[in-house]
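Letters A, B, C, D and E mark the chains in the order given here, with residues in each chain numbered from 1 onward.
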Amino acid sequence: MLLSVRDLSVRFGQVEPLSGISFDLDRGEILGLVGESGSGKSLTAMAVAGLLPLVSGRIAQGSVTFDGTDLTRLAEPELRAYRGRRIALVTQNPMTALDPAQRIGEQIDVVARLHLGQSRQGARATTIDLLTSLRIPEAAAISDAYPHQLSGGMKQRIVIAMALAGEPDLIIADEPTTALDVTVQAQIIHLLGQLVRERGLGLMLITHDMGVVAQVCDRVAVLYAGRLAETREAAPLFAEPRHPYTAALIGCIPREGMAPGSLAGIPGAVPSAAAYSAGCRFHARCARMQERCRTEVPLPALRPEGGALACHHPLGAP
Amino acid sequence: MTDPLISAEALGRRFSTGGGWLRPARSMMAVRGVSFQVDRGEVLGVVGESGCGKSTLARLVLRLIEPTAGRVRFDGQEVTGLGPGDLRRLRRRMAMVFQDPYSSLDPRFTVADALTEPFAVQGETPPAGRINALLDQVGLSEAMAASYPHQLSGGQRQRVGIARALAQAPDFMVLDEPTASLDVSIQAQIIGLLSDLRRDNGLTYLFISHDLGLVRYFCDRVLVMYLGAVVEVMPRADAAPRHPYTRALMDSNFVPDPTRRRTLQALTGEIPSAFDLPKGCAFAARCPRVTDLCRAENPELRELTPGHPVACHHPI
Amino acid sequence: GSSEVGIPNYNPLTAVNTNAAFTMIYDTLIEQDGDLSFHPHLAESWEEAADGKSWVFHLKPGVKFHNGDPLTADTIVQWIGMFRSSENSYMIDNVEKVEAIDDLTAKFVMKNPDPNLLYNLSSSFMAIPNPRVVTELGEDYGITEAVGTGPFKLESFTLGQETVLVRNDDYAWASPLAENQGPPHLAKLTFREIPEDSTAFLELKSGGVDALLSLPTDYLGEIAAEPSLALAKIPGQEVYYMPINVTKEPFTDIKVRQAAALAINQDEILKNVFSSYGQVAHNFLISALPESKIDPALDISFDPDKANALLDEAGWVKGADGIREKDGKKLTVALWTQSDSVFRRLTEVVQAELKTVGFDPQIQTFDSSVIRDEYKKGEQQLAVRSYFWNNADIVDWFFGGDRVGYPNISMFNDPKAEELRAKAMTGSATQEERVANFLAYHAYVTSQFPYAPIYQPEQNMAFNKDRLVVPEVIHGNSVTGTVVQDISVKE
Amino acid sequence: MSLPRALSPVVRAAKTPMGAIAGLWLVLIIAVAILAPLIAPYAYDAQNLPASFQPPSSAHLLGTDEFGRDLLTRIIYGARTSLSVSVISIAISVFAGMVLGAAAGYVGGAFDRAVTIVVDLSWSFPEILVALILVAIIGPGVTGTMAAICVAYLAQFTRLTRSQILAIRSETYIEAARSLGAGGRFILFRHLLPNALAPVLVAGMLATGDAIILEATLGFFGLGAQPPLPSWGSMMSSGSALLFKAPWIIILPGLAVAITVVAINLFGDALIGALDIKTRLREA
Amino acid sequence: MLSYLIKRILLLAPVFLAVSAVIFLILHLIPGDPVDNLLKVGSSASKRAEIEARYGLDRPLIVQYGMWLGNVLQGDLGTSIVTRRPVSQLIGQTLPHSLQLGGLALLLSSVVGILLGVVAARARDRWPDRLVMGGVLLGSTLPSFWIGLILILVFSVQLGWFPVSGARGWSSLVLPVITIGLGGIALVARVTRVAMIDTAGRDFVLLLHAKGLPPSRILWRHVLRHAMIPVVTILALRIGWILGGAVTVEYVFARPGIGTTLIKALNQHDYPVVQACLLMLAIAVMLGTLLGDIIQALMDPRVREAIA
């Protein structure tokens, strides 16, 4: 396994917005991390990348094993050697992800120079190759441009190039397309998929859109209110969702041929991290809620049919 | 069928920016020659990418901004020529729901205050029980009347926004991306609510979105816009797209079904600047079917099959 | 003192204001001592014709300007010619013309006898510049260059900031009042203009300057506390007083005026505000002037009982808050002052003293440079101010009927006073007659209470005794070039 | 907006530790100012010349000044002058600034541009200069000082109100109101002004602190309250002449100014936190 | 960039016109007739008329303004009514002192203010932050004349380290620069702190960390650079404020300068000098904004592009 997250919990002071998350990701694989807003997707990403201290959070418990090393045990300088080099990050909004005062090329070059020890010229050559491989026309001219001179889609490619420049093994992409237009969004998603296959990277793709997951992910982890609801391979997950929340999320996306009025939605809203209820956090919105769901936390358990599930009353069960 | 409830004829709106001391004034057509009709009880969808003029069109239809060309009729009455008093009276019959539920409510107003405003504007006081009835209609508890916006979730706020639009029992509602900033689960709730309201109150909607999948689910007909102009009007939600741009939008839609993974015919090129539109078809730069004709001549919107106008030299 | 700052240039012909540096760059024909006696300087001797119609001055031989030009009777003729068109020409209004009898003898031919001529010639306004250079330099004269015959030469002058003087090594014509008849002991003098009194004092205290030409009066008490500081005293020429506007209610009533005047506690002020330095004033003129010796019964001295009685008589009744009232009107009066710290302090004391007899004075503070404009409007009732003059004609200046408004801010215009005034100003042929006439005029004015006398300071040069040696007794009517002749730096 | 709701941010601000301390001092100093005649041990203008320059003692807790007047008494009365001058003039200034700023932001066009230019320019000039010139025009004294403070801060409030109005004007709820048929005046009075109010009032509160300093500075130049009426500034002004001899005459009123202004700032900060308007103030 | 500069400067022209008109007009509102100052008591009306004619005071205001502006543009600021010397000469003597004082104070405020701001931002909400911001708050709430007097009392009178007043050499600059600087430091430190905190929370900084760059490099090369944009803008906008704030300080330290000259002239109703002083300050303000824009353009490519 390239990345193994076990029982990960994140705390901010007394608040624990993320508890007991576990999932795996292998090379050449795309893991979709889905859930509604506030479910803890970004926190998971930050925890894996070791960036929690930046927002003054900390890992309270659990391990993040990357290529055999438990990152949670590393000191910041050691961790820094991983970041950018072996683990790269792509964030949601390309409009704000680049330093507006630095030329594009320099922002990409620095990764190869810092981590791969390349010379200025060497790094620039790498950068241009990289940009060309991302189908950016006139790569040389673009690398001399400033971020504000590029369109959003183009900028997101630059951010991806920046991620690739350290020749990483793992890319964490946190909603890389939500800020983009639909047509561009599709291109970026497909581009990421392609990169994973070509380069044998692991990709952790964070999204709230089950459609995206269905289109590109191999494996899915569904988060709800800071806990893992279900993880599984993508195809069976969509074919026969076991967690009521997974099913409901899928049901929220209109599909062709759907009868008007059949779009279900999920009643209620995600609770805030400071006000998590006892028991299953989804129980208030769940159609299958029983008494036990109110009081007892369903822990993720491995299932014979594959993946893990945290539900007292899964679908398909009596 | 009787007259359409609302009709727009060759609507256009030009914006000028800059024109300060240092920058030369630049102008762009945010909406170019858009015509359409919405029948009573119908839902007309408008889709297009960000900046293509959807919101501008919505504002023009409700005359929240003045058109630079064309006119709008509502129930046989010309909206574009009305004086302030008549316009205000007419506003009881048409309402708008906004994209951002966070800024569409005055933070100082309680829910009850917000729902009273449509009456206050008309110089009335709401009839007894009306506020509670409205809350009930959008699925909010009456206890919420005293809450302030910051105490509500995004979905709840949007419900308040819808209730406010419903306050004067309008015939027609413009929904400008009412779910774009909400989670999918909440989006589905809101769409469900809007369907119910339409069914129960016989409302007519102009529904704006950038999500073709959603529009095709919710609307009867779909207007596809590109850079301010209509490129295709799909007569039915499930009609096959004829314009390459509509096709591209459709391909970009992610279906939640891993067994139906699509390969994408990637669009190349960049969207031209609205300030500097090319001579020919605005989509030419990105179109997989482009020919010299497209670059030279702007295609007119014409009906390929009855009720299905497309503006393309080489329709699919 | 405020007269030391703000000199726009060192041209005595255009000056509206002079300072000590003037007297070091330039010499005058005559020198006046602190006791008001006249002494030779550039004029070795002089004779007045019996009828007062002419004066002959014998110039000291060998006197040279800084640029080497000799001083001759011709120089005097040219200079007086130029002086006629100057701002201060009134000083020679009575001079018909000046003739050069020979190289070193000049004759002043008078239109009218003027017993005050010697006084005028000793004034620093009548310092003698080199007429040739004045003509050559025009507007720049006194700024870039100033050429006189004095013990120091002007090295540099920065408006409002400082003036640097260097020793005139050829100087050999000091006034007999000075012990040192040769070049001065001090090689270089820097005059700094420090507008704030407190700052100036702190500079002296902290060693930033070696001497203050005139120590602000309210700092007198501080000198004793400083072992390194000492005072050199010169008889004063200044009088602090309170003008009373006789045309403004309630001061149209002489009883109210008198009451206000009698409410001023001169002794208390001398002791507490001025640390007992200087003397009290009981009439308008400095005590050194013979014209100040009016009938002691007319002198104005603190008498609160009488003041209260006068106000009662005038119908002003004390209210519960101690403020007097008449016909429902409070005895509220405006008390003007200027913003210099000594005035502000003094005025607050005066205000409190007036209050004890039932006035309710409201202080209004003006900058010293604009208060003049304000007086011209005639809205003042009471004010606290001072004048700096050592001649009895100051009574005419401040109470002359034709100067109502300004400088006659008491707006005093009394037929009897005018009669006495005319006699004093133009009706005296000799000094004795002049004294007698002015005595009468001064006494009458005082009896009408258009002012209340307060205080007569001494002039005090404060200096750092670790740095400077200053003679015990200082001659001159202020710190002039003559005084500086005898000052040296401590070894 | 009902009164309790309007006051609730103040209560919330007063509950923060800093806000509590600052609020306590402000309440204290305001009470002292109001009750001055009752609590001051002496009359503020009672001179006792032989007893001048006394250091603090049991008879005069804070010592005496150059006229032997009790300093504690004068600081108490000084609070009265300094506070009332700055509070009243800032209140007027805030009101005028809101009217002008709202008019500019609302009317727009050439009027707006003219106001903006004037306001921006005078904003770049230090308040003390504007005030000095104004006092030169109006004349010294309490009235002159109030007018000067009023005008000196006018630019700030006009600017702030205008920018608030412009920012609020682009909020969707304004467009929503328009879509309901609301006219310009309705929107101005129901949405724009009430929403602009909180930041402008808080800015006004903070400016009151600056105004106290400005009043003190004018007083120091001898242009403020005229004797014997004490204000903190005029006390320091007369004290400065004998700084070396009786430094407490100037140190004490200076501390009174500093503590009060710090308190105003701390409470203002707490209020900004309670009202959650930090970003809105900063954008302006 | 050059054409931008030219345009920017041309843009200043109407502003300058407006400002100069305001300055000219304000001065005519000040009570007190300067002619009175020039006249001897009892002067004849003809003498008065002569003086009025000499200073052009008898013409309509608009003509007077035109004449004045015309002269100003030729570098002739008129003649001081009180000292009767060319105002330009006076300004020439005092302006350098003010520039020196203002420049050093600006330097001090920027360097110390930025350092303190960075320290506070890095230790956000911890004790160093509280300490710095508390000190800064106190520094900005003490009237500057008071600080000046206390500094004089301690360092000049008690310790004798620096001169009490005047402008004689560098040692006399220390206390005034510190006095003005305290206010400036407070301003800069506050703006820097907020800007640093803002910038540090921006996405691109997160990404810089994600690239594995050392924190110190991120701080100095990226965060500080961005944080400097508002700081420089504020500083530039406030140049006039700092120069004008020097009024009090110049007065307290009896330093020659525009401030003391202005106060004196204001008290003496010396119109031409007041006008000239205000004009100098206005020009400083305008140059400040210009400078701010230019520096901003140099630091921010978006602005650079917008103006190109």
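The definition used in the following text is that a residue touches a chain if its C-beta (ideal position, glycine included) is under 8 Å from a C-beta of that chain, and two chains touch if they have at least 3 such contacts.
A quick note: this is a predicted structure, and the numbers were derived from the prediction, not measured.
Q: If you apply the touch rule, which chains end up adjacent to both subunit A and subunit C?
A: E
Q: Find out how few touching-chain steps suffice to connect subunit B with subunit C.
A: Between subunit B and subunit C, the shortest chain-hopping route counts 2.
Q: Going by C-alpha centroids, which chain is farthest from subunit B? Tell me that one.
A: C
Q: Using the touch rule from the top, work out which pair, C-E or C-D, shares more C-beta pairs.
A: Result: the pair with more contacts is C-E.
Q: Whole-Å distance, subunit D centre to subunit E centre, using C-alpha means?
A: The answer is 23 Å.
Q: Rounded to the nearest whole Å, what is the centre-to-centre distance of subunit A and subunit B, using the mean of the C-alpha atoms as each centre?
A: Chain centroid spacing, subunit A to subunit B, equals 32 Å.
Q: Between subunit A and subunit D, what is the separation of their C-alpha centroids in Å?
A: Inter-chain centre distance comes to 52 Å.
Q: List, in ascending order, every residue of subunit E touching at least 2 other chains.
A: Touching at least two other chains: 152, 157, 251, 267.
Q: Using the touch rule from the top, collect the residues of subunit D that touch subunit B in their complex.
A: Residue positions touching the partner: 1, 171-173, 175-183, 186, 190-191, 194-195.
Q: Flag every residue of subunit E that touches subunit A in the complex, lowest number first.
A: Going through subunit E, the ones touching subunit A are 202-204, 206-214, 222, 225-226, 299-302, 305.
Q: Inside the complex, what are the residues of subunit C that reach subunit E?
A: 6, 8-9, 14, 87, 143, 158-161, 192, 194-196, 199, 202-203, 205-208, 367, 369-370, 372-374, 376, 402-403, 405-407
Q: Which bits of subunit A are touching subunit B when the two form their complex?
A: Touching subunit B from subunit A are residues 36-37, 151, 154, 181-183, 185-187, 189-190, 208-216, 234-235, 238-239, 248-258, 260-261, 263-267, 269-270.
Q: Mind listing the subunit B positions that touch subunit D in their complex?
A: 59, 62, 64, 84, 87-89, 91-92, 95-96, 98-100, 103-108, 117-118, 120-122, 161, 164, 168
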